[in-house]
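As written, the chain order gives the labels A, B and C, with residue 1 at the start of each chain.
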Amino acid sequence: MEEPKYHLTAVVKSRAENLEDFDGPLDIILQLLSKNKIEIRDIQISLIVEQYLAYLEARKRMDLDIASEFVTMASHLIYIKSKMLLSAADQQEALSEMELLMKSLEERKCKHALEQIQIGKTYLAARNEIGLGLFPKQPEPLRKDERYRYQHDARDLLKAFAMIAARSEKLLPPPVSSFEGIVGKEPFPVTKKAAQLLKSLVSRGVQKFREMFRGNRSRSELVATFLAVLELCKLKSVFVEQAESGEQTVTFLKMPDETKMEEQT
Amino acid sequence: MNELERAIEAILFAAGDPVDTARMATVLDCDPDEIHKAAQVLSDQMAFDRRGIRIVRLGEQYQMCSSSEMADVVTKTLETRKPPKLSSSLLETLTVVAYYQPVTKTYLEQIRGVDSGYSVSSLLNRHLIEECGRLNVPGRPILYRTTPDFLRTFGLHSLDELPEIERMSLETPPEQVPEQLAVDDLPGAAP
Amino acid sequence: MNELERAIEAILFAAGDPVDTARMATVLDCDPDEIHKAAQVLSDQMAFDRRGIRIVRLGEQYQMCSSSEMADVVTKTLETRKPPKLSSSLLETLTVVAYYQPVTKTYLEQIRGVDSGYSVSSLLNRHLIEECGRLNVPGRPILYRTTPDFLRTFGLHSLDELPEIERMSLETPPEQVPEQLAVDDLPGAAP
């Protein structure tokens, strides 16, 4: 449904309070009127009628739908305008007339929309039974696979540890890994160190405790030396005492029992 | 029957509900077009062999269902019934939703000119329409659209198959109190 | 494919659940033996064609199901919700197992200070920990250790790559250290 368009000069209120030209169909003019974008006094109805006739002339035929719509709307315009011209007191009444007009326009649209819907409804009604015999089924129960499928940062483990520590308010037993390089393994065997010490003591008799550590290259060798001295003491193979000077000395007594030494490794 | 067709057959069977082409494409690591092609081959073969099961296309989804030729034995075995045909007012409401979706109840009542609360809830119950969010205006009214079940029931493969009509754009009035319009389309359907 | 096979296919599809042979025989107005024969033909044909769907006999019933070869893609497609990520309590339990393994439930409950039965079984389900023998003490409690899945999840190649726990993280946080202990470490901060 093609609607005729109208051109009116300097009727639409712009922001700058200048009046701009209007181009568009009649119902837009009515809308603009209702929103006070156009003053009824600025509208020349004769101009609209002229343009409408020109439109008819161009189309060379009468569209009854458009014609009746035009007559309804144009007559309303004339009615409203004549009321406006009569007295300012009639303005309110004129405005409610406008609203009524707008409403009837909306209703016309709805009616048309519903008529159009009937086309679709007829089409659907004919197909109403096509799919009624197609039965879908319930989903098959899922075979659950709960295998974990996310990636975590290894540091999440540390955070979790901190959480436990914070909550328990007591020291957690350190895990085995914390002892690695201290006592977990014995990179420098105590037995080997004990043998070295014995060899050195046998040749010299007495030695300063401090000297036993001379030449030790690693923390584990230092530990081994200390443990070896303690172990040899326990086996009564050496004797440790503090001299007047405050210096500890180690004295060789006898060779220890071999089997007991082996338990060390 | 190739591997892709086997997989689609298994998925559609297990799902029961319509399955998105895109979802199958992701899982089966292939192009959606390949899914469409394979599903179409399967569907055609089933129709040609007049099998007891069929595959139907519903927009961008596929669904497996029993053949309508077998509707009688299926309903007898399962002791169900074919759903009844839609009444004229339900059909009208459904048509408005189909053309104007997503649409609010107020908007469709404006077009139909009658209260449509009963029709809407009835279509929701039949899974022919569903909620699809809310309109961002005061009151945040619920929006409705048609479902894949709607397509299947009416033997449509997509909404594009609906005949073309002129759609009006209405001035949406502020949410109307349906009091003035409270002539329910179902006489005696008191709330 | 004959009419009886078509009907059985449609019925088994729509039912989803197992269907009695007798019930199908009644509905299809034939002998149960004929149902058995037709269902068997259908079942064999599907297996032979390696279809995505299969028919299995369960005593006097038949059921249609998706092929187990397709279980993976079916599960992937249908899983609507991603399985949840590890909760903090699961993560804690897993951490204790990782650092103290092999470990009994009692020991890890002692460390965590809370009951951990649910966490342990949940981690077992997710294949992040596994049983690895029993501790040789009265009651012979089960020992747990982490799995290769655990290493993969945390991007580790071996347990040696577990981040080292710093002394700080093992100790009570400073703000919770009792006053007398805290000041000892500070020279000149005599009470």
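Before moving on, here are some points about what is shown:
One rule holds for everything that comes next: a contact is a pair of C-beta atoms (placed from the backbone, for glycine too) under 8 Å apart; a residue touches a chain by one contact, two chains touch by 3 or more.
The structure displayed is predicted, hence computed values, not measured ones.
The most distant chain from chain B, with centres taken as the mean of CA atoms, is C. Taking the mean of each chain's C-alpha atoms as its centre, the chain lying closest to the overall protein C-alpha centroid is A. A straight line joining the Cα centres of chain B and chain C is 36 Å long. Work out the mean CA point of chain A and of chain B, and you get 31 Å between them.
The distance from the centre of chain A to the centre of chain C, each centre being the mean of the chain's C-alpha atoms, comes to 28 Å. Contact of a single residue of chain B with at least two other chains is seen at positions 13-16, 64-67, 69-70, 74, 78. Under the contact definition stated at the top, the residues of chain A that touch 2 or more other chains are 135, 137-140.
Within the complex formed with chain C, the chain B residues making contact are 1, 5-16, 19, 23-24, 27-28, 49-53, 64-67, 69-70, 73-74, 76-78. Only residues 135, 137-140, 142-143, 145-178 of chain A touch chain C when the two sit together in their complex. Residue ranges on chain C touching chain A, taken from their complex, read 13-16, 65-66, 71, 74-75, 78-79, 82-83, 85-86, 88, 91-92, 94-96, 98-100, 111-113, 125-128, 149, 153-156, 161-165, 169-173, 176. Touching chain B in their complex are the following residues of chain A: 1, 106, 109-110, 112-114, 116-117, 119-121, 123-125, 127-140.
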